[in-house]
Structures are given as structure tokens and as C-alpha cells.
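Following this line, the structures themselves.
Both complexes shown next keep subunit A, but they swap its partner, so subunit B is in the first and subunit C is in the second.
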Partner chain A sequence: MKLTRIILSFISAVAILFSMSATSFAKVVGDKIVLGAAVSLTGKYSSNGVHTQNGYNMAVDRINSMGGVKVGGKTYKFEIIYYDDESNPKRAAQLAERLISQDGVEFMLGPYSSGLTKAMAPVTEKYGVPMVEANGASRSLFTKGYKYLFAVLAPANLYLDVAIKTAVELNGGKGVKVAMAFEQDAFSQDVRLGILDAIKETGSTKVIDDKLPKELNDMAATLVKVKQMKPDVLVVSGHTKGALTAIRQIAEMKVDVPMLAMTHCDAAKLSKQHGKNSQYALCASQWHKTLTYKDDFFKDGMTYDADFNKMFGYAPPYQAAESSAALLVFKDAFERANSFDQKKVRDALAATDMQTFYGNIKFAPGGQNVSKPMVLFQVMCDAAGKCENKVVAPLKWASAKLIHPVPKWSER
Partner chain B sequence: MSKNNLILYAAILVFGLAAPFIFPAFKVQLSILCVLIVLAITWNIQGGEMGYNSFGNILFYGLGMYLCASVQVGMFFPLAEWTESGGEKTFVHTPAQFFQGMAVGLVVAAVVPTIVAGLIGYSILGLRGHYFAICTLGLGVAAGEISGGIEIIGAGQGFTTPPFPNIGSLEARGEFFYFLSFFTLILTFIAVRSIYSTRFKLILNAIRDNEDKAEAMGIETMKYKIIGWMISAFFCGLAGGIMGGLVGYIDSTDVAFDGREMGVFMVLMAILGGKGTLWGPIIGATVFHIFKEGFWTFFLGWQYVALGVLIIVIVIYFPEGIMGWLREKYPERFGEVVDEKDRKAQVELK
Partner chain C sequence: MDFLVFQYPMITVQACLDGILLGILFALIAYGMALQWGVMNIINIAQGDLVILGGYIAYFMYLYGIHPAWGVIVAPIIMYFVGIGIYKLVINKVVDRDLFISILATFGISILFMQLMNFAFGADVVLANSGYGTTMLFDSNVVLPNSKIFSAFISILFAVCLVIYMKKSKLGRAIRATAQNARAAKILGVDTEKVYAATFGINAALCGVAGALVSITFTIHPYMGLPYTIRSFMIVIVAGLGNLPGVAMSGMGLGVFEEFADYILGTEFRIGSVFLLLVLILVYRRFKLSKKREYLK
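So, the complex of A and B:
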């Protein structure tokens, strides 16, 4: 049978292809420290994936131009190998494997979103590759006993519980009725658990608890229920698309609710895209430009905001800021470890205690950053229709007073 | 089996066994390739031989994935605590627990989807043509949404499968999963090949060519359609179970019931290679996987555009797939006797 020959030649062709593509980099080449990162350039998280990448790139540029990283008396520069994980955990796990075993990367930066971080962490852990991640906030990441995972951000359950507590406080300490709508993904579900804890703690009741599909672009059914049940607080979390959908449909359907709490308002550029419709939305954020943290590289939040704007043409959402902070953490750890040994760098990372423009960073044994609180801001618009995010909690940084309850649509 | 065939199989076996040592850095990609081939071969039983374009095989794959992981955890630890997000406890499998759990898990992952296929087959396989395709498409989507709401398997949080135990070298995990998927592939191939050498294949072909006539001839088409689907389900479940362990994290719609990617890929691979042939899906899956990995490396951000172009090229230039194209080009190599005059006449007629 001649078919045999065809198939045999096909197999050898495959073999040749494979061996040709087996190029390998090393972690430290010449004066470069090569970091690996898989970010979502396509798929449902693509906009936040790009924020993440921009944050990384900005920090690489800044650190390199300000003298790089000094290890063992020699100066090194950062370089990042990127892959696109397509917002897909399966792909992310493969890429982590690929970065480590094929590209020889020995230090990793995190992807965007908790789900993807969850998929990559087992791989980096297996190879003992330190990963500093800036966008995986789900609590379950920090209860798996990972030794090489470090997150510069506060865990997801802390995102919006402040909103519930504030609502209860404004209600004279009595429990409130809470409506919840969360996307079916690792991050949003963890935010939900945080809310459930807060409800229990404050003696509130949940009146709606909806799970929404991924790539959220319709939540009308939930909003109809909200109109009927008249809750005191509506909590929505579904990454960028969730925030955009919620605002669009709440405005369309004229849903009146005294407090609307969300995540991802700044990543979705709500105030810019929806203008006055987004007014009064309360948003959880890891960072805000007006916070008074400082470091040597980006100076402070306002300077970071201006520089980022100059470089990429839009205001940095917190996803970009925390991503930049991840590199500051790496630089600091390399210099303290004074070595490229993965174990030593890991130990140095674990001992991190520093301030960056983004906030204080100190890791708990689980790997989460425990020394940085979340902030809440509210979208506020002036008479001309220009909208801005203003910090309303915690009071230490508040630049405006919380407007509560939200005026009815008929009165706006 | 002819001598030539023996050489071919021996060569493939040797290549397969040696591959992880020749290309140590590509173990994960090679394991995934094996899984993809299994999916393509089993899809071909419906799509190629039986003429039923199923988008529902992903159901069995996802089911197998969740079942294998659940059994592997549930045998030794409380599953609910494992998947609970805020849980403070850390559970660690000993090597013996890991492998025992995996073994039992894979058996369950293969058997349960087979039973499910038998049960739902009665109602669904009564549909034909587009109706069947759409109905099966719905199956995968529904399964994804439903599993995303079941707390005990992690719901929207996802399910982290047990980490591979620390035994020996770092390479152990890759080698374990590679050989597991490679042997599953061999098992699938042998099973499907021996099935295709029986009357069963002729019955499937009869169903494809004219189901009413086949029934009129006294064939119980429903029975054979269901058996065919159950065979697919068995191997899809197995493949899913392995993939779950390999990826290490199960998400309801992105990893397990991933109809948008895996569900479509298995169809594409079979069509690319040539549906209705034994080797077509294998070649299709291999070519597809290599192209896909290549696009991901060289067209960062544009990989889906490149993949789309590839699909268009396939549909336009190779409607019969690679095997079909080869067969038309070199019919004598496929053991067909060709009358040149007749062939020319046919070409002109076209």
C-alpha cells in the first residue's frame, strides 16, 4: 500500500517541524532579565488584558530607563515575552508550560483575571517559578498553599463588602435588602462570597441572587426583578462588559435603586462611555490616582496618571497601575536577593515590604497583599455633563462625599 | 495485516513512545495532540461514517472531565470543601491517592458518558440533518450553563484538579500525561479500526447514504446510531478526564463544555483531514494542531484571523479534506485502478 509512504513522510515532516521550532531562550541573557507573561489580547478579557500589558510595558520602560536592576554589581534590564491566552484558562495553562519549558523563562508575571491565574498557578508552582501577579484576586488562589505565587492586589472578597457596610450604616445600623447579579466566573463569584459574608455580618437580607452568563451583554431579566423587589442596594460584578451592560440597561429601563455598587468601572471607562447615565455608580477599585502613596519610579498616582496618559492615550485604570506595581516588586526582590536563584528570589519576594505609587505591598503567607485597602469611588458629573470618579471611602482619602440615596430617574 | 501496514504501525508506535524524549519541551503540546486526535476520530464516527453532524460530543468530553476530577478528589477528601472558594484547608494527595483516584476517575469518566449517550440518544438521534446539529449544539451550551451553577463542582469559580504529586523529577507530570493520552489514542485507534472492519461500519454508511432505505432493508438504524454514539462518548469521556488533569483547572464553559473551541475544533479537524476515512481525522488533527500552535507563536493577536483564513482555504480547495484530495490526486496509491480515459472524461464532465 502506497498510502503508507505518504503517512510515513508526513510523520517525518512533523518531526522535522517540531525540532526546528525548538528554540530556547534563557532567563537572563547578557544584561537582560527575561520575564514571561500570558495576557488576554483577544477574547472576553481583551480590554483588561491590554490594560495589563500596558501597565507592564510602562514599568519596564521606566525601570530600564532609570538604571535597570542591579544584581551582583551588574545592571540588568527587564524584557517580557508575551503570549496571548485568549481569555481561556486551558490556553493559559499551556502557555505557562510553554514559557517555562520551551522559552526557559524562570520568572513570570501574572495574566489578567482570577480564572486564568488559577489555571497558571499550578504550573508555575510545579516548576518553582516565582510569579508576581497583579490581576488574580480570587481568595481560593491564596488557600491552595502556593509558595511561588504573589499577588500585589487585595483579595476579591474585600471588593464590595464596604458598600454593604456603608449602606447599613446610612440605614441607621439596620440591615438592608441586597440584590446581587454576578457573572459566572472565578473573580465575580468570589466578590459574591464577600457580599454574602457582609450580609450575614450586618443582618441584611438578599432578595435577588442571580448568576449571569460570561460575556455579559444582557441582564434585563435581573433588572425587571429589581424593579419589582425594590432592594436598597444592587451589586453587579462581571468585569468590563458587566459594568457596561449594567449601566446601559439600568439607564434604558430607568431602574431606580438607592445604591448601585459595581466593579470594573474605571477599566470600562464608564464615565467616558456612558457619561451622565453612569452617574452615582459606586465602584470598587484597587487604586485611584488621588491616593497619596509614593515611590521613586512613578512618583505618585497623579504623575503615573499623566505619564500613562501620555504614553497610551487614556487614563490608567487600576488594572494597569497594579500591573506596573508588579514589576516594581520584582525589581525590589531581585536587588534584595542579589541573585537569580529562583528560591532566593522567592524568599526575597515573600519578605517584600515596600511602598509603591499604587500602595503598600506586603505579602501574607498565602501570597495575597494584606497591607493595601480597597477604595470606593463614585462617578460624579458636573452640570456640563463632564463626569469624574471621586473617592468616597475610606474617609482617609475621600475627595468627595457619598451621594446617597441615588436620585430617581424621574428627578434627574 | 499487510507487511507495509505493520511497518507503518511499528514506526508510529516507536515515534509515539520516543517523542517525549526527543522533544522534551513539547510534551504538553504532544499530549494535547493525542487528545485532539481522539476527539477527531470519535467525531468521525458520527460526522463522517454515519452522516450525523454532531456538535454534542463536547458534552461527553466535559462530563468526563468533571467526573474524573470529582472522583479523584471525592475518593479521599470532602469534595465540597475542596471546591469551596474561601476554604481555609489545604488538601494534598499522596502519590498513591493521586494515581488511584485518577484510575478510578478515568473509568467513571468513560462509563458514565457512555450511559448518558445511550439515554439521550433515544430522543436526540431521532432528529436528522440540521435539526440534529442544532439540538446537539444546544446540549453542549446547556451543559456548560448548568455545570456553572453547581456549587459542589466549583460552579463559576472553577475546579482546580489535584496537583500532580511530587515524585522524582519535574518531567514526571508531563511524561505521565503524555503516555496516558498516547495510550488512550492507541486504544481508540485500535477500537475504531476493528469496528470499521466489521459490518457495523457498513451499517453506519448505509445510514449516511440513505437512512430510510437502510431501515427498509431491515436494519434497526436507531440501535446502531445509539451504539455508535455510545462508542464516541466512551472515548470522549476518557479524553476529557485526561485533559482535566493536564490543564489542572476546570472552568464550566471555557475548559469543560468548551463547545466554541474544542467542540468546533473536533469537527474542523475531521473535515480538514477528510471525513469518512480512518486516517483523515488523525492527519487533520495533526496538521490543525501544528498550524494552530504556529499561528499562536507567529501571528500574536491575529491567530484567529489566520485560523479563519485556513478554514476558508480548506473549504474552498480541499472540500474532501487532505485524504480526499490525496485520493483524487493519486488514486492508484489508494489501491484504486484508474482508467485514464475514464478519469479524463470525468474531469471534463465536472
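So, the complex of A and C:
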């Protein structure tokens, strides 16, 4: 009896060992390049996590069907191992560890959100695994001296400073009064830092500087202050909740402010959920389908929009577009490195200088993409109440003229 | 520190009114919590999640073109049965155990509900638009969204109805009898099992009403329940069990306190200040109790 038990446990131990070594194949198997990714399929980031995954999948599909990646005269296809990080930073870090040490992944794609990217970056850095991420914009990601982290998107501090600069320009170069309300999370606070820089640079003054707690869904107090202080610009950043709450309460309390600038408008489906109340809101975006960047795989923004719509049944938010771009960057780097050596690929990534449908990509020493400016769009509605996001800045891509100042509620 | 609120009298008025309207809504949720705490000795950690679920009911009505205000009638009906269901599945197994077990059980229910809602409704923040407009007071220096006034009004209506129901109806009397002494009530022929189920159902229904109101006034999201649990817990702690006027007063008091904390300390300390107050009150209560306590040696 005892003996059978010993034998059994021995066999199972061997089986476990065997299965572990069996999964621990190398990242490049046969004609496949295996990338690892932990994305939020459940938990509070699950909608954006799914956008991220769809973006990745669409690019893998496209690159594979258009000939794959050519390295050393041989053609390889992309494949991604996904895990669900449950929107939980701790879990994300564990999964990064697991992808690298158990699944043997040698190249990684990023998760959704700055918080989760922050949790994974130390792990990928430790193992020297190049990670191209598309959804972590927090400035602190790029000041830690990470060598293996590359972000295709513009850092968070550049999200809304364009709005302040535009307001100053429209004010004849004189400084403006700025009211700020930012959620207390890494991303929003970075946006805030960018605004502070812009305020300093333009000689503007800040009149309100509120920090919104994560659980908050009432910002009436901030808006009462706005009514009292009459700033020229109100800047709000608090993910989708912040955007929705702000629009609802600004409309309800009839707060008049000449310029309202926000983040996460398209993720919040602002114009759909709020209709005409969201009109004139100015939103920062990493990408818009009307931009005229081009590449060989997705052609341009409009084509990407149509193809994505066909594949997944909804219009791609910028989170999906930037995720697709991450794969294009990897492909380009592999081909230039002409090798699967992690160091060589890393160096090739660092030397990236290319255009994709999503924008130009060139990495600064910190890993952030510095050659793609943010765009600002404004929600504009027609008489029938149908609302659309139209790009208003930078001027090069503007499809509509910025409406400034925002008409008073009593005149709407 | 910012004393803007005292420099402009209109802001003081605004803060008080905002706080009172908000507090009335909290008081409704707290009333449900006090009821089941008093009757069943269960602290329901899932209270806030029931609120959010009620909110989703109103939201889905809104999506299908029905005005979300009808949610205050539909949500409590559905939630009543959800409450009974939870009672039959989980609560009846922990109802006569000690408080810790029931806290753990409802904590589990809370997590389950969050995940289920996230799974079923997605992680997007949503809201239902009532289109109620705004009331301007004092030469439009004080603005009150009508949706907030509507929620306060509905909350009071439901609270009053419930009080009358508890006083007059047979079930109400049975609930009160069970709260006073469950064993005696049982001996006198009250089916306490039924009373417990009904109490839990009524609490869930109240959460449903509150949830519908939250979706009209604020925003809802699967993970947003906890602040509502904390606030109602807080209100009940301050008011004490079975003290209905106390619940209403402490609800409004907490609302006003929150608003002032927001203006003076800054928005970031809004929820934090509620926690701080909770700690202070618990310490104070313990201090008061320890003076009275007698030990058997």
C-alpha cells in the first residue's frame, strides 16, 4: 500500500516535471514567433482589455496573412499566448513571471493601463525580455531607466497640454485661468503634471486644483467652485467615470466654461451616453481614424476602421489601434535585427523609426514614443442631435474648426 | 485647506442643500441595513452591490427606451426576489451564527455580485439620463439638479411608506416582534424563518430603489458598491439600531459633513473623511461603553 503510494507520487512528480519542461519550449518554434501577453479580460479594465486583445489579434492576422516576418531568409508567423490578469497588478506581475520562466516567452506585449504595465515592467526588465506596450502612458514608466520597455503611444503628460496652449493662443498669447480636477491615479496625475508644465510655460494661473478619489462619482463641489472662480479652461481627467460624471454634472448645474478639456471621451462613449450635453467637449486622443498616416499592412486610419469594424463589429477605439501598431513595431524590429537574440532585437527596437497607420514611431531613450503628437477632437452635434468627434488640433489634421468659447447654457 | 465655502454664503447654502439631498438617499440605504441588522443581526457587506444591481435594472430600462424613473418601481420588485433568493441560498445558514460568520458570508456575496455584474454588464461606467433639468435658486447662485431632488423625494416616500407598513401590517408587527426577541416571537407563533426572508427581501428592495436613483443621479459601475456599504454602515453606527429618525438625521448629517469636507479639505479627502469619522465614532462609542461595562470576575 505504502509502496504504491510512493510510486504514484514519484510518477506524478515526474509527470509534473515533464509537463513543465514540455511547455517551456522556446519562443521561436518551427515557423512561429511566440509573444506573451497578459491582458485584462475580466475585472474593471475588461472592456479596454478586450480592445487591446482585439487590436493585437487583428495585427497578428494581418501580418501573418501578408507573408509574416522574414528573419534570416526564413518566414515566421506571429502567435500570442494570452493570460487574463484580472485587472490586478499583482496578478499581472505573476503572469509576466510565468510567461517568461514557465512558458519560455522571450518577447512580450504590454497589458492595458499604466498601473498594470508598471507592475510588469520590472519583471520583463529583470529577464531582459523586450516588451512593446501600447496602453501604458504614465510618465513614471519612462523615467525609471528601463532598457527593454518600449511604448508606441505618447506619454500621459502630453495628453492635454495642447489644450492649454490652444487656449492661450486664442487669448492673444496672454495667460489663462485654469481649473483642474484629476483622479488620484498614476495616469491622471501625470496628465496633471503635463498641465502644470504648460501653465508655467504659458504664464497661466491655476485657480482650482482638485484631486478626485477613485470611488467618487460626484464632483458637484468642484463644479460649484468653477462657477465661482470662472476659469477660462476646465481640465478633467478621471478615466471614463470622470468624463461621464463631469458631463452629466456640468449640464445639470449649467456650468459655463469657455473651454472644457478631458481624457477618455471615446472610451466613455460620451456622445452616445450623453448626446447633446457632451457637445463642445474637447478630448485628447492618441489616434483618430481621419489622420493621414500610412503603412503597408493597414493602409490608413479609415481602412483600419472599416476592417476592424468588419472583424469585430464595432468601431475601433484608439486603444485597439495602438495595440495593432505594437505588432507592426515588433515585426519591423525582428526584420532589422535579422535575429531572435533578445539583445539584438532590443537594439533594433530602440532604433525604430517608422510610420504606421497609427502614427510615426520613434522611441526616446526612456522608451516613450516622441514622434507622434496627441490629437484633440471636439464633440460636435448637428441639429438632429447626432454627435460626432471631429479633430480640431493639431491644425495639420483638423477636419473642423475649434468652437471657442463654448456657448453659454442659456444660449443653447 | 480651503475656506472658500465660508467666504461665499451661497456656496455654504449650496453645500448644505447638496449634502442634505445626498444624505437622504444614503439614509434610505442605511435604513435597509439597520432593519436587517436589527432583526437578523447581520451586517450586510453586499449592501452597496445590491444598490448597484438595482441601478443596472434602471439602466437597462433606460436602454430599452423606458424612462429610468420607472426603475424605482420595477427595481425593488425584482430586487425583493433577489433578496429572498440570497436569503434562501446563503443567509439562512448563517443567520443564527455569530456576526463574524455573517460578515464573511456577505463579503463573499459582495465579491460574487461584483464579478457577476462585471461579467454580465461589462466594465463600462454607465448612467441613465432622466432629462429632468435643473432648479435655480437665489438668482441662479444655487443650482440643484432636479434628479437629486427627485431622488430625495422618492427616498422619503419609500421610507415613510415602510414605516407605516411596519407599524400597521401583520408582517411589520412580526418583524418588529422578531427584532425585539426572536425566541419569544417564535413561541408566540411567529414564523421567524419567513420574517427573516421577508426582511432580507425588503432590504434588497430598498437597495433596488436607491440603485435606480443612483443611476439617475450619478454613475454606476460593477465595482462601485463599497462606498455605499461604508456610508450606510457609518450612518447606522452613528444612529444606533432601531432608531429611524436617527438614521434620517445621521444620513443628512453625513451628507453635509461630506460636502464640507470636500470644500475645506479638498475632494481627495471626501471619502477618507467618512472613514476617519467612522473611526472616531467607534472609538468614542467604545470609550462610552467601557465606562458602563461591568465585569464578572
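By definition in this document, the second predicted complex is superposed on the first by the 385 of 412 C-alpha atoms of A that agree within 3 Å, B and C clash if a C-alpha of one lies under 4 Å from a C-alpha of the other, contacts with A are read in each partner's own complex, and residues count from 1 in each chain.
Please note the rule applied: contacts are C-beta pairs under 8 Å (C-beta built on N, C-alpha and C of every residue); 3 or more make two chains touch, one makes a residue touch a chain.
Source: prediction; values computed, not measured.
Student: For A:T42, decide between first (touching subunit B), second (touching subunit C), both and neither.
Tutor: Both: A:T42 reaches subunit B and subunit C.
Student: Per the contact definition in the header, classify A:M66: touching subunit B only (first), subunit C only (second), both, or neither.
Tutor: A:M66 sits against neither subunit B nor subunit C.
Student: Figure out whether A:A221 sits in contact with subunit B (first) or subunit C (second), or with both, or with neither.
Tutor: Touch partner of A:A221: subunit C, not subunit B.
Student: Could you tell me if A:A400 is touching subunit B, subunit C, both of them or neither one (first, second, both, neither)?
Tutor: Once the two structures are laid over each other on A, A:A400 reaches no partner at all.
Student: May I ask you to name which of subunit B and subunit C touches more residues of subunit A?
Tutor: B
Student: Per the contact definition in the header, classify A:N88: touching subunit B only (first), subunit C only (second), both, or neither.
Tutor: first
Student: Given the touch rule stated above, what does A:E252 touch, subunit B (first), subunit C (second), both, or neither?
Tutor: A:E252 contacts subunit C only, not subunit B.
Student: Between subunit B (first) and subunit C (second), which does A:K211 come into contact with in this model arrangement: first, second, both, or neither?
Tutor: Touch status of A:K211: both partners.
Student: Could you tell me if A:Q184 is touching subunit B, subunit C, both of them or neither one (first, second, both, neither)?
Tutor: Touch status of A:Q184: both partners.
Student: Of the residues on subunit A, which ones does subunit B touch that subunit C also touches?
Tutor: The overlap between the subunit B and subunit C interfaces on subunit A comprises residues 42, 87, 184, 211, 213.
Student: Considering only the defined contacts, which subunit B positions touch subunit A in the complex?
Tutor: 2, 4-5, 7-8, 11-12, 15, 22-29, 32, 84-90, 92, 145, 148-149, 155-158, 160, 163-164, 170, 173-174, 243, 247-249, 251-255, 258, 261, 279, 283, 286, 290, 294, 296-297, 300-301, 303-304, 326, 330, 332-335
Student: Which subunit C residues qualify as touching subunit A in the complex?
Tutor: 4, 8, 11, 14-15, 18, 22, 115, 118-119, 122-127, 129, 133-134, 136, 140, 143, 145, 147, 218-219, 221-224, 226-227, 259, 262-263, 266-268, 270-272
Student: In the complex, go through subunit A and note every residue touching subunit B.
Tutor: Touch residues, subunit A against subunit B: 1-8, 10-11, 14-15, 17-19, 21-22, 24, 41-42, 82-84, 86-90, 93-94, 97-98, 101-102, 115, 118-119, 122-123, 125-127, 138-140, 143-145, 157, 182-186, 188-190, 193, 211, 213-214.
Student: Hey, which residues of subunit A end up touching subunit C in the complex?
Tutor: Touch list, subunit A to subunit C: 42-48, 87, 181, 184, 210-213, 215-222, 224-225, 227-228, 239-241, 244-245, 248-249, 252-254, 268-269, 273-275.
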